Amino acid sequence: MEPMLEVRDLNAFYGKSHVLRGVNMEIMPGEVIALLGRNGVGRSTTAKAIMGEVAPRGSIKFKGQEIAGLESYRIAHLGLGYVPENRDIFPTMTVRQNLVLGIKDMKTPGRWSIEQMLEMFPNLKARADNPAGVLSGGEKQMLTMCRTLMGDPDLIIIDEPTEGLAPKIVHQVGDTIAEIAKAGVAILLVEQKLSIALRIAARVYVMGHGEMVWSGTPDEFREREDVRREWLEV
Amino acid sequence: MSDMATENFANLAPSNAQKFRMRVLPFVLFAAVAVLIPLFGPSRSAYSLLNAIGINIVFALSYNMLLGRAGLLSFGHAVYFGLGGYAALHAMGMIENADGGFWGSVPVFAMPLVGFAGGALAGAVIGWPSCRRAGTAFAMISLGVAELIAAMGFMFGSIFGGEEGISGDRMNGPEVFGLSLGPIGEVYWFIAFWTVLAALLIFAFTRTPLGRMSEATRDNPQRVEFVGYDPTRVRYLVFIAAGGFAGLAGGMSAVNYEIFTPEALSLLPSGFVLIMTYVGGARYFAGPVLGAIVLTYMQSNLSDFTEAWLLYLGLLFITIVMYAPNGLAGIVAGLWNGTRATGMAYLKTWAARVVAIAIAMVGVIVLVEVAVRKSNGYGEVFEPFGLHLTPGSPLTWALVIVPLIVGLGLLRHLARDEQEAGA
Amino acid sequence: METVVFSLLNGVIYGLLLFMLSSGLTLIFSMMGVLNFAHASFYMLGAYFAYTISSVSGFWLALIFAPILVGLVGAATERWGLRKVHANGHVAELLFTFGLAYLIDEVVKIIWGRNSVDYRVPELLDFPLFTLYGTQYPAYRIFILFVAVAMLVALWLLLKRTRAGLIIQAALTHPEMVGHLGHNVPRIFMTVFGVGCALAGLAGVIGGNYLVTDPAMAISIGPIVFVVVVVGGLGSLEGAFIASLLLGLLQTFAVSIDASFADIFGWLGLGETTEVGRITIASLAPMLPFLMLVLILMVRPRGLMGDRDI
Amino acid sequence: DTVKIGFIDPLSGPFGPTGDAGLKQFNFAADQINENGGMAGNTVEILPFDNKVNPKESLVQLQKAIDQGARFIVQGNGSSVASAIIDAVNKHNTRNPGDEVLFLNYAAVDPAFTNDRCSFWHFRFDSDADMKMEALTDWVTKNEDIKKVYLIGQDYSFGKAVAAAAERMLAEKAPDVEIVGNELHPLGKVKDFTPYIQKIISSDADAVITGNWGQDMVLLIKAAISSGSDVPYLTYYGGSLGAAVAMGEQAVGSVYQVSEVNTNLPTTDAQNALIDAYEAKYPNNNYYFHRIHMLMDMMDMAAEKSGSTDPKDIAMALEGMVVDGPYGTVTMRADNHQILQPLFVSVFSDNVQRDVENTSLGWASTDADRIEAEDTKTETTCKMERP
Amino acid sequence: MTAPALKLTDLHKSFGPAKIIQGVNLEIEKGERHAIIGPNGAGKSTLFNLISGQFWPTSGSVELNGQDISRMKPHEVNRRGLSRSFQVSNVFTNMTVRENVRCGVLYSMGHGYSFWRNVGNLREVQEKTSAILEHVGLIDKANLPAALLPYADQRTLEIAITIAGGAGVILLDEPTAGMSHSETDRAVALIEKATEGKTLIIVEHDMGVVFGLADRISVLVYGEIIATGRPEEIRGDPRVREAYLGDENLEGVA
């Protein structure tokens, strides 16, 4: 089977500092991948480079089409969704308006409708007409994911969804992601918290110093104390 | 990567020699140049230009205390220049009419100090409400205040003199350094003295605790509060100082031109000082000096060569904003660092770029000059190097289009090369 | 009485003209965060384009095409200029438009000369509509009224009722996120800027012959437009509308009031003979807008109707 | 050799057209002198400098003009500017003996310049504001049905001088005439005069007196016409470029102007030829600044008379000079350097030989509207100090 | 008995209709290390803002060493000996590390707004700055522009600036947010060292840090403190588990 996303020799820079140094990875349709690594190894940058927020060098193929260098809205139109690190909800707009903005094209409705979405997440339904700025951290996280789903993506890149969340809410968010995966959407999950990553992912990539240093299934990963010690702990 | 950065900066702590080179030497050179100029026997018009440059250097440096250092974008800095100038002119009036007494013993040479007091006082009054806010709000308040004061200038005749303005005479009172201040050559010494002194003082200001905190306030006002400073107070004090130095420049101008009109308070000169400072490079201390020299020259001499000098000025400004946000000083510094780091190769691409820009400029200049002459309707024809360029002739259009295409094409090519080569 | 009626009428017309100008700026300011210093220059371009077009083919074609042309110039400005500086922040954008204002002024002087051009009210509208207290009221002013109101309604619908409005507003604070959701933000920005400029152009078409079409028209009205936008409140169309009318009325009434400070503050002992006493209310008119600007910024930085500080 | 004359006046902005018209007239006059063998054998060259009607800018330009070798400065637009130039020229001449500069003023008519502030280095070739106001107030006095007069002008020394003269002279000559309004507006900044016209209409004035010029004149008249204000407008500068177009048919018979010339006055053939030549060369302008020709001619004569083009010699020669001009005798007073020339009150009319601004309308006057040069003479407080 | 280092009395804060802080009472003794935990949006950062003068309370009072500071501006509070750090790094990015710390030192050494002295010549200021840099382990990077610091070092610098002024009461808002396990350990060691003898109040989501560092813990939920006590008490408190910790035990962190 063709991979849905295929990254080959991806490089990226911030000014003069070389952050990604030849990243390779692939994701199959419907697959859930976890991307692990220490702080600052370039996981978020990988996500940003794929999404066109950081200028990439190298090849990024999505559904067989080269997307490196495309504007981000074009990438989105091809079916790539992105939930960035900082969530970026539109705080002054209502929850519903936020969801409306997730729709790329009013004429061709996607798999999910706003109403369905709200059914799926009763927390959001209760606050549908509140400004999104007042939501709690966990709810904001749910809203961003729903908003991305409104665009009917085939692959979502989610960056650190549980960062800064209270332990209890971390759990909720994990469930949400699992739910989305069940609907057949492929997911690239950038995560620090192993318990969640290993629970949902089908495969794990470990990143170090701007490149991939290990990949395998969660079970294989649990065996590899050495990988864990070398690349995830200092 | 971070390790590399650390290495690069590890020996950043400036040595004493470096400190001398960076902080003392430029001033010594600056003063030396100022002293040497008269040896070349400048003409009267050269002196008028030099005097105007000196005034503008101080004015722009004072503006940069706000824009570059404190991060305050003001559209009304001429207010302090103007009020300082008016204060000085009124003082000159007192000196003229004094027989003995206090004013009888005040030399006109000291007028910049009166200007400083006037500008600082105005800064203290106006800064009080406006410094409570930074950013766009500050910019808008400064614009409103400038318009307000300029309008008032036309209302209070006894202070501002209405349309006529206020005139004075610099040849009164005691002489200092044996300067009668009559001939323009003597005024030059006066201007040079105050320019160098003010530049030194403004530089010294950047090294004081207040000067440092003003930069900190620009970068992060919130944090400043949590290390015990009141950002409003910091801004306010810097504002007063900047107003004072602007007033000092106004005092210099009062002695040089012996007249001030309410227009001097208005938006136009405020805009001009903004352009001078920005074009020169607000990030660098020497930027405004450079900007003042180049722009004053353009203003007084380029305007003799071409009526469209303001158009060129606008083009220059926009180009700087778009491609060289650190201004002329930034370009010079970049050239210096680039050459030191990568040697001749850098110099070569740089030279290539200059050539490309020059080629493109030919097209722009021909277009503008031919158009200006046509629009004047005096039937004048643009005749550079004996060419006869009328709006209708194909040669004109060739000279517009070909250089533009070649120049811009070359620039594009260079930009692409650079993108491919560099990181 | 008649003074009141006429000041009211004239003030409203002047206010509407200001509104036409500032609505475009409000649009640009609130959606892109760009304080477009060149906005009044686009107004001037509108007037000059209309002058040229109408001298060839009449006013009505100018009314349509001049704003479109100005809009295209604006869009091009955004595409090849503003977009480049965007990364350097709002101050850089502001300075860019500041320089642009200079440039447009000079180009206008070269193309159309340094002095005013004879751009006139169309003959069809050049008649006194009615006479009141012995004064004629030109029909063209009522025409201005209609155009301004039509513009207000159209803009309001555009802003409040469409998803495009939502996208633009979201793109202001989170442009990258909006891009990731599949919206072409640069094109939206370009359109907004173009439309904003076109609105200024429309104001120019209408104001150019009502007032004067000369190279100074931009700089003389530019600052007042800022006052309107700031006083009205950032991004608030209603605010801009109210502020425009307020300013229009204030300035017109001030001119028509025949009193000096001595008359008003006489009880404080201020005499006709002192300089301050001799200042008339009428002579205060030009500075009123700026007084208002400074006061508003100090007292209520978000303006009359705005929802955020500038 | 060339005699360089620095022309310092607005060439852009709201008063640009006025300055530009002056420059054209100077260039034309200079060409004429050069064709006739020059000024005492020297070619005359006009160096134009744009001052934007700003006194300080004017001084910068003055410095430039002097640096470029101009020893004669001409200026007219704005008494504010003239005041600064007089001052600066005086200072320059004391500081640079032997290198003097002479200021020839062709239109700045604040009476102070030939009274308290008179200077040896300044000559005025236009009748001052008082002299012209005498003519206008006479006209008001003659018209029995004018009982209320409205004064409107620009807020600077000249505008104030006009208002003061009008008040003083009306009080003296026609005590029954009431001044129902005395308004000063900012110089060159008003774009819409409708509110002012509104005030004029509601004041029930029977006539309006204004010293407005340039754009301020054009826009004032434009607003008056569109609001239907049809009382007589007594102006100093109704002939400002652009005003005629703004006035149109509706202003016929109700706008008046006091000046040293209108092109429909009976005059010599030579003068008519001159007017034709001028209007042929500049089809968009009219022969308006007759006094510029007088200025250049008198300067030429002074040069011939003294055989020198030194400013001081020319100044000496100009003092008391009497010339037989195409519209009557013209004298340069020696005691205050003020010209005495015949003045005319003309009315805007549709029955003229020479129209203005291609409108088929123009300025006309009758013999009764002529004031002889001698009659314009006023007392002076000048105490001339000669070098 | 001396006054507590910090005393909050019936503190309320509303933003418009939203009541964020609803009656917080808390006393913190001198030298105590106190942690505040609670779900997202509970109002922890808001509480810090109220204490440090960033916001003014709607009602209630804040006392620092017995003095009411609830209506003071941040800089006034700071001068009275209370200093805070930020949840999101908030340093002077254009300045070098040394200059950053120096900004923190200047005021406390009496050089307020002076403009007649060269900072370079202020001996004691330089010495104090170096001492602090040494203390937090940034001395090697002293001349590096702060923007170029790695993330963990930026957080360290954040703490360095906070302690530079020598304040007796230190507020740290999620100092280890975004740090990995080992970085967190180092940060905790640093915090312990740097706040020796001072009063420390810390907001954290990392339970390892909280339970390792704190003498006492308060749990803030919906703007109210539902429990205060020693770490063991809090860990066992069913209400805290319900509102904050959730069913899962302490999270394994990579």
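Chains here go by letter, A, B, C, D and E, matching the order in which they are written, and residues are numbered from 1 within each.
The rule is simple: a residue touches a chain if its C-beta (ideal position, glycine included) is under 8 Å from a C-beta of that chain, and two chains touch if they have at least 3 such contacts.
To keep track of the chains, here are their UniProt names: B = Leucine/isoleucine/valine transporter permease subunit; E = Arabinose import ATP-binding protein AraG.
Because the structure is a prediction, the values reported are computed rather than measured.
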Which of B-D and B-E has more C-beta pairs touching across its chains: B-E
Farthest chain relative to chain C (centres taken as mean CA coordinates): E
Where chain A and chain E are represented by their mean Cα positions, the distance between them in whole Å: 32
Chain centre separation in whole Å, for chain E relative to chain C (CA means): 48
Centroid spacing, where centroids are CA-atom means, of chain A and chain C in whole angstrom: 45
Set of chain D residues in contact with two or more other chains: 155, 186
Chain A, residues touching no fewer than two other chains: none
Multi-chain contact residues (two or more partners), chain B: 2, 5
Interfacial residue positions of chain C with respect to chain D in the complex: 2-3, 6-7, 10, 14, 109, 114-116, 118, 128, 131, 133-136, 138, 210-212, 214-217, 220-221, 252, 255-256, 258, 282-283, 286
Complex contacts: residues of chain D adjacent to chain C: 11-14, 16-17, 20, 155, 181, 183-186, 189, 191-192, 194-196, 198-199, 201-202, 215, 219, 226-229, 242, 245
Contact set on chain A toward chain E in their complex: 36, 38-40, 134-138, 163-171, 192-195, 232-234
Touching residues on chain B, where the partner in the complex is chain D: 43-45, 48, 154, 162-165, 167, 169, 171, 182-183, 257-261, 263-264, 300, 304
Footprint of chain C on chain A - complex, ascending: 51-53, 71-73, 75-77, 81-82, 84, 88, 90, 92-93, 97, 100-102, 104-106, 147-148, 151
